[in-house]
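What follows is one structure encoded as structure tokens, with my remarks underneath.
Chain nomenclature is as follows: A, B, C, D and E, assigned in order of appearance, with residue numbering initiated at 1 for each chain independently.
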């Protein structure tokens, strides 16, 4: 009994042989619809904030800096790569890329920031109310208890969660070639 | 159905005064409201009628009527009926009878609400802290709605969990949280006499992440499945499916048949990879690393398959309320057929190689024995129960998704030990392959995979859904909320009841067998510690544009 | 040379005198201790000088000496001189140790202790020097037994101690009866010397000699704690007595039984034409008893949870080695083949060597456990632990003694065990059962190791005294360290220069007349086949290969030291820094009393396998 | 010249023990369908460990134990003849010495374990001791068998008794017993009970780090090579040309074969429980006693 | 010479201590997965060890929950220097979905200093190997922060300075 099963086991292991992949020395592309690092297409984004509203991990911040300028910050460090943002994006501006080799020595390396130009009314110069009651403004705050300037006093624990360095421009910045500036 | 009438009559006759109302949601779900004074008697009567205790759900209803609610749920396996026994106690005096002395498995549920809701249960045999951290201050009950989700109370002074009294002459072997047997942080204090285990105390819930409060103002119905998947990294779809079904039941949503088939396929794929994973881990635990390596090698194509179908290896993100996110196309079908074909072949080799291995028998036979009666008393579920001659399987007893059309066997063994759980899982893997084949053949070719949700889900409806996870029965209980989000969501993972039976299994076994016995229930502590009780208090944050966005996102396809 | 007998009587008189004088000043505890020590030391010095003379100068014939109204035969040859030496040595050391140690029993008066101690020593000295089995023997035996009874029941307020002491007394009296009956059965009258008993046995025939030898073996077997007699009294008596007394009981007193056995089976053997002494039968019987004793005793020792009980059971096991050696030697000496005869003689040398070794290291171990008891107040292994930093000297001493008794080279136990085992193994090519016995002995020495790993580990390393002992633990005072260090030095010496002891013992046997073996020792030129050198001992047996067995502790030690230097260099080579950290118990619990490892768990699997050996474990 | 042989013997053991460990790891990997570490991995592991920080439990016994273990095994291998050529030191010990010296190594492991205070270490030590007690008689009897045939307890005589044509039924029986005990000697599955990784986290070595662990690992490697060499010498007396280098080479190849066997057995067996293992060892002891008994009758 | 060799040997023989600080199992399973035949991390001389005393690398998976925080710190202390810490998975990198819940302290960097982050939920085994290879210096780092901008808004409609001033004021506020 023991011996026969050992012989069977030897056969079991002999058949497949060595299957080890040569991964870091040979590339292993991810499958087509792999949900890797999300990428925002700044040409398509309308700044609706849907992604921010729907992100289960609340990693996306959409804030108005001023009347015309909306900032989107994606804190990749805690992204769960569920692809919900890409699903809900009305403009298909978010793609889940196939890139998974995200290991890094610094958390900031997986962040993305985007400055959006918001069209404003030519007559009065503003379309959106900056008050807290504004619906879209509120929408953009969902999941972002920490970044909200107004809310900072209310929820003090959270302010440390958000790294202000996200806004600082760095040497390492990778900019798409078509970027506007 | 005659069963439901019988139960109803039985309860009405025996407890005329206590029963307030009986509601039948559909032929398989019934909700009974009773007065809190009689809860123990009614529970006993239900168990006497053949009910199997599932889980208790406590919820904060203070804002509405100043009470704390408590729901004990039971399943009638023969009739396929789930029964929820609802009661409530006033907030000022949140005390009710404990049902634990009669139904030992309720022990943890009740302890949980002692911690999280501040309820009190008179007659509880072990009213100790269960969920919250040792240094969590007394009197702060995070599930109450007046506590914010991100409250970080300062550490209480000088507190340490008091382990159970050690039996005379025994010493404690501390197992965990960081022990190679346990891949998750949980602490077992094992009382050994020589090398024989004489008892054990469990201090777990270290992976308790308290997601309920997170969800309080943050997530909506359709984000919860993604969080649900992350309750457990292995059986994610199970939780997502179960949650979605509970919401669908509560909201009366009917999803397309095709979506149900796809859900079934995903669940079974998950079962294959989970069982193969378990087989490997079990081999690892008894020091047989070759079994570990080989069964994980066989498992790997399933992971790749999952990645190709859904875009991720484990947290598939497939299942949302109303159906599934991605379709399974015809090429994918062939892909699946190929993969499961190879796996079947290779698994057959493995099965032959290890089934007769006396060396493995030595380590697993007669180990972790508990009698069938004890198994029933402790309401153990899944392969653990089936290996102990308890013939329950949610897929057959309470069919969901497309299981009503599937033909499959439920393996049941009566050697009541670890070896039987090995066999159950091996057979189930083959059955899963069978089910996937049937699904692929029978799947309707058309129909949307995601049903349009045209009407908002009504508030304060109760839904209970169970899914047969690889580890056993997963129960999700949902109370719908007002603002596009559940008010209360209770998850009971299969490890939750099974883990309570572990001390029983460990008793009088050798210390060396502890890893494989704990491993034999395929413990998933993160499931158990989840407390992903979504408790959405009608956050003011929901906005009109949400629905539009929702629609926009759907119309994309 | 005849004045040696006078010296003997003088020493005994000094001891008696001490017993009378010292109790009067027993209120001054320290002073009484010192006085007792001085008396014992003087007497001991005289006895030592006697033993030196008879071992190295010349053995004396048996002689009738008048002691008061009685005429008693005394015998001072090398063999009894050897025992006399051990007795006086250990008596002096114990007496010195007692001075400080008896402070431990603050609420007990020391009157009876100091009254009994010298007489106890006197009794033991008497046993090994009297040359009859009736009158003188009885006096000596009773002096030894009754005083030791009072010493054992020193803590007389504890019921169980008195009970155990009573049992001890009854059994010892029984043993005495056996021996006296045996002597009388042979037809001798009171006061006859052993020589005449021997003659009388030679004239009898049939079954009577078997009865006589049987009764003698039984009687001395009781004293020497042969299985199953030893288990009846020894563990209880030895573990409850004050530690210096335990050291004497275990180290010396039970050896008087061994002395009796050797004397009876090698000297009390008539060689007449009518009587044929069946050495093979008695040898095999005694060896079997010995093997059973060594195995059972050691295994039972492994199960104990009290340090002194562990040591006591282990004494049974070690006596088992000795008895086994005696049996094997008896068997082989009486065999036909010259090679076996030779091996038998060498085994006998091993036996005597082991007697010496055991006296030293077991005494040392009892003194050690006494020191631990003194400073912690407990002998329960489950409450001890981690004393290595608190009592470093005692720990070091205990380590050496443990290694010695386990027979790890190059410590003393190794050489004697090596002799016993290798002779029986070498005899194997002709006598199968001796090989099996040898293998059992080897196996048992691993079990011995387990015992002492447990003893040392649970007392000195691991952790626990901080919870189990409710007081501050300190190293014992110098008065208790000095005797231990002295014995340690002796112990190391015995391991490192075995050749000296071999030579001496061979000399003793060759010089002690009146037996077959002294002739054999001379005839077979044992001296010539045991190659002694400064490095160690090797044995060549005619008929077997040229050099058949070697024990060279010194060379091994040198190689070990060289290797150790290399290893130490290796350890340092990485420039590793050291940091002290708390014990890692998976994170949640810290090390505390509840999760320390208990003696029950130690070797649980083996204990389960050997559950049938019994062993009375007392908490 | 003779003393040189002893040094060379020890050096061969010291140098090649990690290599054979590497072979084992490689073969384990092969059985598990993977590529496995490079053959020099154990050397790298040892080197790395030497450079790591030492975390100590704060007593001298803890510090000294690994050094004692390695030194004792070095002593053993330097008196061990390799290629049937007795070294200079071989004449100064006999098989009983070897057995007791091997015990000293075990004692050092136990001393280290006990002085580390850890409950798991104590568990491991307890198991290690039980294993040692139960398996040591088998080793002893293997050597005694040769000794009985050679009528001498000398090491070289005992080891080469089968070489000298004394290969009988008893030897074959002993060979089987030794094979069955081999895994226990080298502490591999199914008898790696004392060092069980998933149960008690390397048992006796749990508290050791850095150089201390390196020395213990080295000790284990040399020990397993010693047992493999013993097996090769006693049971596979293939060639004795008289040329030292050839003999040593042949024996090394034999050792390699033993290691292949060890890895095959180890990788296809689960670990046994200590109580099961003890019963198994008891059977082995009686079987080897039978073998010794047969020898006495010249079979 | 030996000291030099020792230094060189360190990266080629990393023993990993896996420390789950409250993960969902996903990352733990993937960590085990890199041991399995297809990925076989032992190629780089890495293996999983059970005791932190033996480890060189601490692999943290999961958001650090309140009960595990002291234990993780303790485990880190129990690892002999030199040591590396890897955070595997979103939870360990940034806290995951539950970074701010009442029982969660946050990412693993809240407990111990992290040397390498491996994001992913769970990261593919390849991603873990990539992280390891990055630490060993076998591969280059591929990610960098991305900063995107939509086209410059039409300034001519406004007083340019006014708009920019306002923007800068808010930046300042954020930077505080």
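General remarks:
Keep this in mind: contacts are C-beta pairs under 8 Å (C-beta built on N, C-alpha and C of every residue); 3 or more make two chains touch, one makes a residue touch a chain.
What you see is a predicted model, and the numbers here were worked out from it, not measured in a lab.
Shared contact partners of chain A and chain B, listed by label, are D, E. Considering the contact criterion stated above, the chains in touch with chain C and with chain E alike are B, D. No other pair of chains has as many C-beta pairs in contact as C-D. Summarising the inter-chain layout, the chain whose CA centre lies farthest from the centre of chain D is A. The chain with its C-alpha centre at the largest distance from the centre of chain E is C. Here the chain at the heart of the shown protein, by mean C-alpha position, is D. Averaged C-alpha coordinates give centres for chain A and chain D that are 56 Å from one another. Centre-to-centre, using mean CA coordinates, chain C is 34 Å away from chain D. The mean-CA centres of chain B and chain C are about 67 angstrom from one another, to the nearest whole unit. Chain D and chain E have CA centres that are 42 Å apart.
Annotation for chain B: residues 150, 152, 171, 173-174, 177-180, 185, 195, 226-227, 230, 290, 292-294, 297, 307, 312, 315, 359 touch two or more other chains. The set of chain D residues touching two or more other chains comprises 31-35, 50-55, 119-120, 123, 197-198, 201, 206-207, 210, 268-269, 274-275. Listed for chain E are residues 2-3, 6, 36-38, 40, 43, 50-53, 71, 75, 78, 80-81, 96-97, 100, 121, 124, each touching two or more other chains. Every pair of chains that touch is listed here: A-B, A-D, A-E, B-C, B-D, B-E, C-D, C-E, D-E.
The residues of chain D lying in touch with chain A in their complex are 30-35, 264, 268-269.
For chain C in complex with chain E, the touching residues are 573-575, 577, 579, 581, 584, 587-588. Those residues of chain E lying in contact with chain A across their complex are 37-40, 43, 90-91, 93-97, 99-100, 106-107, 109, 115-121, 123-124, 126-127, 129-131, 133-134, 138-139, 141-153, 157-158, 163, 166-167, 170-171, 173-176. Note for the complex: chain A touches chain E at residues 16, 18-21, 23-25, 28, 30, 37, 39-40, 42-43, 45, 56-59, 65-69, 75-82, 99-117, 122, 125, 145-146, 149, 157-158, 161, 164, 167-170, 172-176, 179-181.
Contacts from chain C toward chain B in the complex involve residues 585-589, 594-598, 600-601, 604-605, 607-608.
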